[in-house]
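Below: a set of structures, written as structure tokens.
Same chain, two partners: chain A is paired with chain B first, then with chain C.
Right after this comes the complex of A and B.
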């Protein structure tokens, strides 16, 4: 774990080689995930390309032109979030699948690391990938769809996007731990995950819509997103160990 | 025949495997009570409640079949949650079977809710589906979440793993229900006909809650049937596995 280059997210002292603290182990796991991804970039590139393709598909599905600008004004927030969702799901699906296929997950489960630490580390690294992806796709969206956003709207959009991402990734990583070992697990992940996300997407698309009009999100909207984050974080931290403790570690 | 195989055959002949010898008397009585209760509901709808009310006319009568779907669906989803928690705590397969049966019946109740709601929407709004109605949308999203639970049952082959994943997802699905409800209620656009003042007349309220009870008897009979069937299938599978192991030992 500590053999990789010492770059990427830093969060405190390195764990001792023999008995890492949980915080140290958490930092090491996040750094390890980040460094591995920066070396190969397979997940980020897959997510980015998927997002790009989705944006192009929308240009065929919706009659977007300068003469029908109002159509884009009504749909742009939805286009943006559906693109984020489709692209980010690739990263979530790989949260455990890649490690399991290469045999690393078994080693991780045998390591003296609490399950909750492993879960939060995986949530954090996946969140970093998703936020990076969203930054890239958002700029691409503004350029390709000829959109602009003002300061207040942009701040509101960023805050609500991060709040949504926390809930999305928290629940996504938990469901990914259920589905990676199943035949057709990538499809099952989407079947189980997307309906869970529909309520918060309903709110966050509304917030994005307001943001494009230059308005900040309401307190009720942000409250809803943060409440969902708290609920999903609580559920994830309580339930994750049940998915990896029995049945021979997720097998 | 070996002694173990003889025991299995003996169990089989005695009807120790539920459902193998046909429905029990208790189950038949349960179904008869349910049918009688539903007959009583139809009688109340025809004779007790007003034939039509302001603004929505007689189309409101479908709510006596629609409303029980919401309440009973929620009750069975609560059952799914409780049984899933019990499974994770005890690891006894009986709780998994109960959870699966509750999820199937809860989903059925939810589908009755959606179909009757959609039928009313066609009569009142001239559209089978109205995307802006918060209650319709929250019921639809809840259905999709629990449909995922049911699909999970056939997606996982190994029984112990299936039980574990299902219990976790069952809990997750239930805790997400308030999120579904409030996010769509708060940020939806139109009001539901159940909010009309005319719906609070005494006869309507009495009949509505009688309908919930009548359908609860029906859904609990279906739950019982489903549970017995699941138990029977699992025991048959266990028995076949034991026979296969005996045969393998005999041939070895």
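Right after this comes the complex of A and C.
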């Protein structure tokens, strides 16, 4: 057997462990979430495939021809966001399910990290996955549907998309923590999540529509998106701890 | 600061209509090796999971190292190490990366050296690069002990640490527990291995149907637990 630390009993030798700051723990959680995803890329690939399939189905359903251009003009913003939503929901559903099933969630809950820190870290990493995916799907959408977008419209679209994603992921991760252990939890997630997103989806689709016409979002539209973000963030920080306490099944 | 490592006062845990714990009280001094014994379903694991902060008691008060479980759970988690029935490491990571992740969460200084030394002590030094998913049950158990010891916890909570280990691994695990005791740390040991419990523990409690039925000498406790099962 090789020797342990130089002084004192091997396993009790103090490495002078200190409690991490919550910020340090948050950064570590986000970094390791990203490293884990990059190892296998299962979540990103699943989300990407779902997005691809949705875009292809829409491209078959809605004819891209000069005579029917007005149909596409009326529906393109909706197509884009329905695609984003379907694809991103897969990542949100997996925010806790995989970790809970493998037991890793218990390990994270045993770390000296406030539950709120764990929640915000998981929101951040899921948001990173969703935004990465959206960038890829957006380019694909422009190519498949032969669309273009001007500078001001693009900036407005990016700002509104990020504001929408924050609200979407914030409430989605919270509902994911609520549903992962339920039978049919993946379906339940969608049943609970989609109706809650209707207010921001309405606004963000309008903003996307304006963006394709080269117009920036109005202050009222952005205000609505940020207000919903604040509401969902507040709900998440209040409720998450109660959802993960007593985690890991019964005795 | 309290001199007791653990103070459990009138703790109840209900799952629906069933009382998994019914008014359990106990106190473990610092530096003790405290065995929790009892048959399946007696409430041992429930109590250990509550002490680990994973579960909340339905009623009652708990202090670990003087910190209230209700108010300072995060401070408690920084000072305890927990071994459960699963290793809790990311399956697709190498053992080194999995331990590194937990070392980061605990802000362990000089984590690389700490990981090397613990893995060597538990006979896993040659498996540090291997994915955790390739580990046998016994190796997973030893990896779990490595994870739990990374931050040099003041209290170590072990749920059936001897399950699935071969003879050599049993000896290593037992000697590791002895070293932890010798270093003045507190150990809480949930086990069905009454012989080992009697040998390792300094204090013992026997639970039956969620109630404490014996507290005292580990050898006598093992005898009570043996006759109750």
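Throughout what follows, the second predicted complex is superposed on the first by the 225 of 251 C-alpha atoms of A that agree within 3 Å, B and C clash if a C-alpha of one lies under 4 Å from a C-alpha of the other, contacts with A are read in each partner's own complex, and residues count from 1 in each chain.
The rule is short, and it goes like this: a residue touches a chain if its C-beta (ideal position, glycine included) is under 8 Å from a C-beta of that chain, and two chains touch if they have at least 3 such contacts.
On a predicted model such as this, the values are computed, not experimentally measured, just so you know.
In the superposed model, A:111 lies in contact with chain C only, and not with chain B.
Of the two partner chains placed by superposition, only chain C is touched by A:103; chain B is not.
By the touch criterion defined above, A:25 reaches chain C but does not reach chain B. Of the two partner chains placed by superposition, only chain B is touched by A:228; chain C is not. Applying the stated contact rule after C-alpha superposition, one finds that A:36 touches chain C and leaves chain B untouched. Put simply, more of the residues of chain A are touched by C, taking chain B and chain C as the two choices. In the superposition on chain A, no contact is made by A:119 with either chain B or chain C. In the superposition on chain A, the residues of chain A touched by chain B in one structure and by chain C in the other are 246-247, 251. Chain A meets chain B in the complex at residues 171, 174-175, 178, 181-184, 188, 191-192, 194-196, 198-200, 202-203, 206, 220-221, 224, 227-228, 231, 235, 239, 242-243, 246-247, 251.
Those residues of chain B that touch chain A in the shared complex are 88, 91, 141, 144-145, 147-148, 151-152, 155-158, 160-161, 164-165, 167-169, 171-173, 175-176, 179-180, 182-184, 186-187. Listing the residues of chain A that touch chain C in their complex gives 1-5, 8-21, 24-25, 28-29, 31-32, 35-36, 39-40, 102-104, 106-114, 245-248, 250-251. On the chain C side of its complex with chain A, the touching residues are 13, 15, 20, 41, 43, 45-46, 49, 52-56, 74-75, 77-78, 80, 82, 84, 86-93, 97, 101-102, 104-110, 113-114, 117-118, 120-121, 123, 125, 147, 149-153, 172, 176, 179-180, 182-185.
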